[in-house]
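Dropping the structures in below, format is structure tokens.
Both complexes below contain chain A, partnered by chain B and then by chain C.
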Partner chain A sequence: MQHILGSYFRLLGAQVRSQLQYRASFILDVFSTAFFTITEFGALALVFTRFETIGGWTLAEVAFLYGLVELSFGLMDMFFAGFDPTFFGENIRKGSFDQLLLRPVPVIWQVLGSDLTLRRIGYVFLGLTIFVFAVHFSGLEWTLAKVVYLPFVIVGMVLFFGGLFMIGSSFTFWTVESVEAMNILTFGGSFLISYPMSIYQDWLRRIFTFVVPAIFLNYYPALYFLDKPDPFDFPFIAHFLAPVAGGIVFALALAFWKFGLGHYQSTGN
Partner chain B sequence: MKPIITVENLSKTFQVRKHHQGTLSVLRNFFTRDSRVIHAVDNVSFSVNKGEVVGYLGPNGAGKSTTIKMLTGLLVPSGGTLNVNGFVPWKERQRYVSSIGAVFGQRTTLWWDLPVIESLHLLQYIYKVPEATFKQNLKEFERVLELNEFITSPVRSLSLGQRMRADLCAALLHTPALLFLDEPTIGLDVIAKERIRQFIKHVNDVRETTVLLTTHDLSDVQKLCGRILIIDQGKLLFDGALDTLQNRFGGKWQLVVDFAESYPNVEVIGAEVVRLEGIRVTYAFDRSKLSVSDLISRISALYNIRDISVQEPEIETTIRNIYEGKLLESPL
Partner chain C sequence: MKVFWEITKLSFQRQLSYRAATVAGLITNIFFGLLRASVLVALYNNREVVEGLSVQDIITYTGLTQAVIVYLSIFGSYDLMRSIHQGEIAGDLLKPLSLFTFWLAQDFGRAIAGFLLRGLSIMTIYALVFDITYPTSLAQWLALIVTLVLSWLISFAYRFLVNLSAFWSPDARGIGRFAFIIVMFFSGFLMPLRFFPDWVQTLAYFTPFPHMLNTVVEIYLGAVTGMELVKALLAQVAWAVALVIVCQLTLRLGTKRLVILGG
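On to the complex of A and B.
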């Protein structure tokens, strides 16, 4: 395991050194992703100049959801960049994935080490800024339990979206044409859970509860952090399921990845 | 001695989906499962001893790459058995790949934006190469491959030949017992090709590394391979030395003779006159029936010879004949 982690960190180091060679492009990328987030959040803030609240949530409270997703998704996108289905599908198509199979380190760690999108640091930083703003203006009252739980919520979301990336990549073992459909699910999902679940129609919310358990990743933890009542009368434990939901999706993704890799090795491409 | 590679009745079949065309083709592709089976590798058996350099030849799509992918553990065979260096490649892939080196033609294992030397250090860690071995190997490869001129340059700035040299070095840093090369000289100029060949020869001579290489370049075969395997449409057509191939399946040899004077009749028993240009006469003969020296003594007994040259049949022709199925009805 020590050798595996050592290899992983060295692979990441190689990615960082590679990307820092293109300084101008790196800075531009950071600024453009940051700009994207600012305009998106700006548009959201504008809505609140007309309406005081959305579904009973103030701007600062929605910013809590938004900032937390942005922060977690940014972290995920940085560290799971190797599993970005678009990037991964390209490696399958070009055959460079085969090179990883020729090295004596588990493939999963090599894929994780095959890309690190440093420029996503803009995302992460802005998510953090919005989150801090939300914490300040929403009047959130910190308790020891909330401080301890927060990192678990972030890890839960990283695992959840990382899992979706892995599932998308695993599909490319069969066909690279599936990439777009999976991207819609991943990026669309992160967009949808940036807003309170109470604003969605019942059927959509049910999908996000029972099919893809995204409601537990962000919405229920936010209810807990902001001391808001639960409109859906779930048991109290529902507030603390973020790492469980993330963990389950990630475990399923791992199993599907193994299955896909087996298929790839028996069929080639 | 136990062979280092044992392949028995190895097969690989692929299901190829039929793709419909036209309107609604996407839906039809999705809902129907029309497929046909392709036998990429069909019941192939051979074994390779330690220290051999074996050339694996065949036209495009013959099954060369599929075989190499099975031998390197990338693909799982559909049938037959496979043992390389004591491992079943696809089952024990992770442990197995430490004992082999592989270079797949156009692809590089190196990090595109990093200097060559940094890639090599990274691979040193990944393959757990002890520092002393690494230094010793690098020193040797730097010398033989002349890596010094570009070892601190990023891989993206290297020429194809330089990149191939760097990749060969990377594939051999962990002192593998076997080296698999898929088209190692493709796209290179004559000088670069020669350098790669000399290096492969060096590694084989000095380290007794077993080499299996696929190629389209028959000079690679002539200069490197003691033995060749020929595959076409998934079936092994020939396994043996190049000479054997020439003798068994080759066209006729030619003897070009310049006579001291012009003779009205230059016929000789056992050879056929194929061209007559003044004093220069070209004979064609079957070397398995008549040796070169016998033919020369027959001719010189009758006529006055000034100059002589012997021409082997072109290996390209021989192999093309085999592909076209003209010569080989019963394999081996």
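On to the complex of A and C.
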């Protein structure tokens, strides 16, 4: 294991060094990543001059959901960049994935080490800023339980979205091209859980409760942190399922990845 | 002119061949439209009309904005800067029509395909699923056609200009990312501009971006009528002309400093 982690960190180190070579480009990239979040959240914040709430949630409360997703998705995007289906699909297409199969380190760690999009730090930083804003203005009251639970919520989301990236990449073992429909789950999913789940139509919310357990990642934890009543009358335990939901999706993704890897036939370049 | 149409036709046909991508894109656009409609309807919170837009209008707005994503390349395009960086532009400069016209013809074909395949399909699905707003008079339909053509021209000229930055900077991609995110905000793609505070709207109208999308939305929904509508169209014409001229001048400066190594 030590050998594996050693290789992993070495690969990441190389990534970081290479990305920092072009200092100006890197800074521009960091800002442009953050810039989209600024405009998207800014647009929402600005229309609150004409509206009061979203489904009974104030701007600060929505910011709690939004900031936490940005932060977690940004972290995931940084560390799972090697599994970004577009990036990974490119490696399958070019045949460069085959190189990884020849090396004496588990493939999964090599893929994780094959890319680290450091510029996503812009995302993470902005998500954190919005989150801090949310905590300050929503009147959130901290308890020890909440402090302990918060990192688990973030890990849950990182595992969830990382799992989706892995599933998307595994598909390319068969399709070679990245399957665009996965974007609905990754980017659509992160948009979806950035707002209170109560605003969606029943059929949509049920899909994202029972088929894809996204409701437990962010919405239910937020109800707990902000001491809001549960409009769907789930058992109280529902508030604490974030790491479980993320873990299940990640475990399934891992199994699917192994299955796909077993069926991999090179493009033959 | 014949060459222009040939290029348009080829570019159009190329778009038609990406069938799987079109279907996947459609599903994604519809899904995001649905999510954005949910957010806006929740903001309305049973109010019937906000700033002159009814709930029905605002649902239609989410469809319209998704429908024009491909037609107007809302997320930007980076093809020209790639051809400048990689030197392919040398071949394009030898073609029997100007570089601007060549890319215009290409983008025209791409835009028509995007309009038919993505735009019309999205609006048709919206019409089937939701109770949406339609233009009510022949004049409004005609104005819609005119504004759609003008908005495409403004969008093209702006994207062309952004891409020309590749003549000067190796980081043109980063510049492009900024330039296209600004469009999303000031064009009324993220939220209808009339929901923003007045100072933001004033600021927006100093830029060409509202004329790319917001005008189309407002004309479709009947939020601008009469003299206001004529003024809106004239403003679009003015911006289109201005941007095309700036493109030509910038292109001339850019090609002067272009050095291509033979290979």
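Everything below uses one rule, namely that the second predicted complex is superposed on the first by the 262 of 269 C-alpha atoms of A that agree within 3 Å, B and C clash if a C-alpha of one lies under 4 Å from a C-alpha of the other, contacts with A are read in each partner's own complex, and residues count from 1 in each chain.
The rule we apply is simple: contacts are C-beta pairs under 8 Å (C-beta built on N, C-alpha and C of every residue); 3 or more make two chains touch, one makes a residue touch a chain.
Note that the structure is a prediction, hence the values are computed from the model and not measured.
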item: Touched partner set for A:Leu28, first chain B, second chain C, both or neither; value: second
item: Touched partner set for A:Val244, first chain B, second chain C, both or neither; value: neither
item: Partner chain in contact with A:Ser266 - chain B first, chain C second, else both or neither; value: first
item: Partner chain in contact with A:Ile207 - chain B first, chain C second, else both or neither; value: neither
item: Which partner, chain B or chain C, touches more chain A residues; value: C
item: Chain B versus chain C as contact partner of A:Ala14, first or second or both or neither; value: first
item: First (chain B), second (chain C), both or neither touched by A:Val105; value: first
item: Touch list for chain B against partner chain A, complex; value: 14-15, 66, 69, 72-76, 78, 90, 93-95, 97-98, 102, 104, 107-109, 111-114, 118-119, 122-123, 125-128, 154
item: Interfacial residue positions of chain C with respect to chain A in the complex; value: 20-21, 24-25, 27-28, 31-32, 34-35, 38-39, 41-45, 50-51, 170-171, 174-175, 177-178, 181-182, 184-185, 190-191, 195-197, 200
item: Sites on chain A touched by chain B in the complex; value: 3, 6-7, 10-11, 14, 17-19, 21, 94-96, 98-99, 101-106, 265-268
item: Contact footprint of chain C on chain A as seen in their complex; value: 24-25, 28-29, 31-32, 35-36, 39-40, 42-44, 46-47, 49-55, 177, 179-181, 183-184, 188, 191-192, 195-196, 199-201, 204
